[in-house]
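Shared between the two complexes below is subunit A, which has subunit B as its partner in the first and subunit C in the second.
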Partner chain A sequence: MSVPMGIETLDYEFPGRRPAGHFAPVLVGVVGSGNLEAMLEPAPTSTCRFAVQTSARGFGAIWKAVLRDFQEHHSLAGVTVSINDMGATPAVVSLRLAQAAAEIE
Partner chain B sequence: MNAPTVWDGQRRSRATRLKRARSVCAGKVVDASQVGALLHALIEPGDRVCLEGNNQKQADFLARVLASLDAGAVHDLHMVQSVLALPEHLDVFESGIAAKLDFSFSGPQGARLARLVSGGRIAIGAIHTYLELFARYFVDLTPNVALVCAQAADRAGNLYTGPNTEDTPAIVEATAFKSGLVVAQVNEIVDVLPRVDIPASWVDFVVRSPAPHFIEPLFTRDPAQVSEIQVLMAMMAIKGIYAEYGVQRLNHGIGFDTAAIELLLPTYAEALGLKGRICQHWTLNPHPALIPAIEAGWVKSVHSFGSELGMEDYIRARPDVFFNGADGSMRSNRAFCQAAGHYACDLFIGSTLQIDLAANSSTATLGRIAGFGGAPNMGADARGRRHASPTWLKAGRQAREGLAGARGTPRGQKLVVQMVETFREHMEPAFVEHLDAWTLAEQAKMPLPPIMIYGDDVTHILTEEGIANLLLCRGDEEREQAVRGVAGYTAVGLGRDRRMVDNLRDRRVIQRPEDLAIDPRQATRNLLAARSMRDLMDASGGLYQPPGRFRNW
Partner chain C sequence: MTRHRADPLNPRVSFAECPARERIKLLFDEDSFSEWITPSQRVMSPHLAQLGVPSSFDDGVAIGEARLDGHTVFVAAQEGEFIGGGVGEVHGAKMVGLFKRGLRDRPAAVVLLAESGGVRLHEANAGLIAVSEVMRALLDARAAGIPVIVLIGGANGCFGGMGIVARCADHVVMSDIGRLAMSGPEVIEASHGVEEFDSRDRALVWRTTGGKHRYLLGDCDQLVDDDVQAFRAAAIAALAKGRPFSLAALEEEHALLARRLAAANGCDAIDLWQAIGIAQAAAVPDMNATQVRALRPPDEIVR
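== the complex of A and B ==
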């Protein structure tokens, strides 16, 4: 599969039932090949919003499925998740997000 | 009246060839400059020739000489060799010296081989497993001439093949006992060998090669490159399969996935109280990644297909674990180790490139003809096996529960585990609807798609999403959903029937990490018993000497 060059920006928002309240921003992972950096910050919303910047274009459907499953499990509300991705696999994305969620739960 | 039957034609042919060779050299020891003339004297058009191409060591000097022969005099050879590793292994076809090929594995030459086959330059007899090809050496592919590789010879022609004995005994025995001719290249000629691996009476000529033979460290995996996901999968393998079935006798593939398991034995598995209950007997090359487990007292025995560069001194210092001669050095033997892996191991675990909905698995990719070496023998139930073990019996019971008649008759089954991340690098899915193997079979006009491990031999698929136990599946539909159920976010995984997958999970056909009480967040590199090449060296007490390319300090 050839992956076109250039960054793709993706945005998803899912409702959540568990308000995170106030918390110090959490940063997990590193920006490196096959890896990603995810930052969780409090937001004045009743949703969990994901702002994804990824170097691997054309995988929006997979991102949506991964993030929806994460949110089904954690049901975060009042959180913005900013992701800088360098071609991480869904396995790594899920692991990083689980690590980050553990820090605020 | 019929002419009298000749019963010693092969022996007479051998005598004729040896007589021609006498004009080149008088004794067994040949000068390197004479080898071209010697091969011209020994080899006749249409001969079956085994040019020792191993998985690791290569008869590279003899390969260069063979490729440089006059194709007007030596042509239409039928090459029978396990591995095509060097350019010369294919040069002989391009120059017309050879025409037909029977082999096992062509890793680095796979793409060029495919081009030569489609261009009509090579007729492939068949692609074999190692054990299969060795078997045919003794049936209908016996070499007329074998060009082999040894560490050293004495002046009588005895050979010391040492740690990397590999294929040599099988090749030489088949050739020497059917009136064939054996030529060996050696790194040195000495007065007294450490030990005799091949007796002089089976060897016709020895030549000291101008440079030591090429050898490849194929089984060294730098722990620094083991990922957290591989740690997670290794935790699942240990807890969900090794502990579950009490696996004591096993073979590992060569990838980072299984290296991670080796590196978790003295840490994670030890903490689970599994020492002595799993992983005591191995058929395995001397993987450096196994050093920490050996040092922690986990391992009782390791028999090897070949050796591994840098491990010689470590192996020498651990004779209770490895198969070492009275001289102290190891002797590997690919034929025996393949037989051991097939008949005496209860589990094989390895990786692959593609798995389909029937759990067929293959590393074949378009535009390459590569073969599978030993994997199909390791990754297949040994239908001829008759000795029982608790592991084998448990797998057999799971597969036969509720069945009657011949299919329900009690017997055991080997555990065959395919361990893959759902996506490989560059987001290539490991799960596919159709293997590339099918297209490749059409393109190269193969009689069968090149499947590495057949789905009906695969007992478990392990991904970061969980373990699918195919022994418990009843029917093709359940099997397909079990595959989809651990295929994650690949198209195959997203196409699953959620209700059926939930049902399979309730029945423990599919187990997620949390079903095994494994928290993915605990899967960190801190669990690895060694996290770098330096750690492996230190764990060995300085006995393991990694090749230069693996030293970054």
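== the complex of A and C ==
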């Protein structure tokens, strides 16, 4: 199987019931091996949008499952989550997102 | 979020284990940091994405203004976990801008929390130029009488162009696990062979580049434990200690380095310590920072 070079860009959007309101942008994590940074910013929507840039290509289905799971717990609305990923495992992704959500809740 | 400050119930916080932003939060006066070019402004590397390498929202360095024991200082903190703290075009430009703004606003000092392998090789010439511009901007700040303080205690050390930047500063503070040099261990081994330098020999690496060695030789001015509060206290003490910035001071430094080169004569660090008159040189690798401090008076470099 040949995997093309470069960064993969993934976008997901889920509805949410809990408007985050205005908050100062939150940044957690670091773009390092097996790690990622996630930035939460307010957005004029009733959804939570995830914009992922990842060096590990071909894991879209797993990203979608992990992000949906996060959103089922937190149900954020009016938030954009921007992620720069360097091969973080699903468990690390979940922990980082929970850390970021805790800072705005 | 309130954090530990000299709280006896909290253990000390390792400087090495903190990310760059956590170091800023713990080192400077509480909630005093105000960032410039924030992550949400997304001033990011124009080069990395083209190479398929993930970028970071702050390009691996946070810059801004903070207070240190009530004094307004400018701050840059490099994130060693992002491409080894490598200096790219944007990363370097942020530091240059910090020093230039310092010329205008005249802070009590510029404090650089350095953790870097040097130039970010992905950005090639842009990174090399960026590092040289940082050096020039740092020296301009010193020439204008603004002291520059460098703190080194991250796991990646301070190497390459950033090693030179550190030695351009007025005052260098290191922990014993911090490292400062030009070429890193792997680079020396690759270019000169394993007989010259075995990069996997950790004891050799630390006694050749580590904080204790740098302190004994006078390349670093204060040696502290791996503790954010120890770094804070050292940075506060350094505020009052500008170094003369003159041709005479530079020539004196060159003469010192020439004498040291003659004393070293290709030998091991322990022999060099012995040659410059350090007592119990052979025992230094097993000493802690406090014991090593006792071997050299704080403001005295062995000439």
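Observations on the structure shown:
One rule holds in what follows: the second predicted complex is superposed on the first by the 100 of 105 C-alpha atoms of A that agree within 3 Å, B and C clash if a C-alpha of one lies under 4 Å from a C-alpha of the other, contacts with A are read in each partner's own complex, and residues count from 1 in each chain.
In this section, contacts are C-beta pairs under 8 Å (C-beta built on N, C-alpha and C of every residue); 3 or more make two chains touch, one makes a residue touch a chain.
The structure presented is a predicted model; accordingly, all values stated were derived computationally and were not measured.
Applying the stated contact rule after C-alpha superposition, one finds that A:Ile104 touches neither subunit B nor subunit C. Touch criterion met: A:Ile7 reaches subunit C, while subunit B stays clear of it. In the superposition on chain A, no contact is made by A:Ala51 with either subunit B or subunit C.
Contacts of A:Pro90 after superposition on the shared chain: subunit B is touched, whereas subunit C is not. Contact with neither subunit B nor subunit C is seen for A:Ala43 once the two complexes are overlaid on the shared chain.
By the document's definition of touching, of the two partners only subunit B reaches A:Phe59; subunit C does not. According to the touch criterion, subunit A has no shared surface contacted by subunit B in one complex and subunit C in the other.
Subunit A meets subunit B in the complex at residues 1, 3, 34, 56, 59, 62, 65-66, 87, 89-92, 94-95, 98-99, 102.
Listed in rising order, the residues of subunit C touching subunit A in the complex are 19, 21, 38-40, 49, 52-58, 60, 79, 81-82. Chain contact summary for the complex, subunit A toward subunit C: residues 5-7, 25, 27, 30-32, 35, 37, 39, 41, 53-55, 82, 84-86. On the subunit B side of its complex with subunit A, the touching residues are 227-229, 232, 421-423, 425-428, 464-465, 488-489, 494, 520-521, 523.
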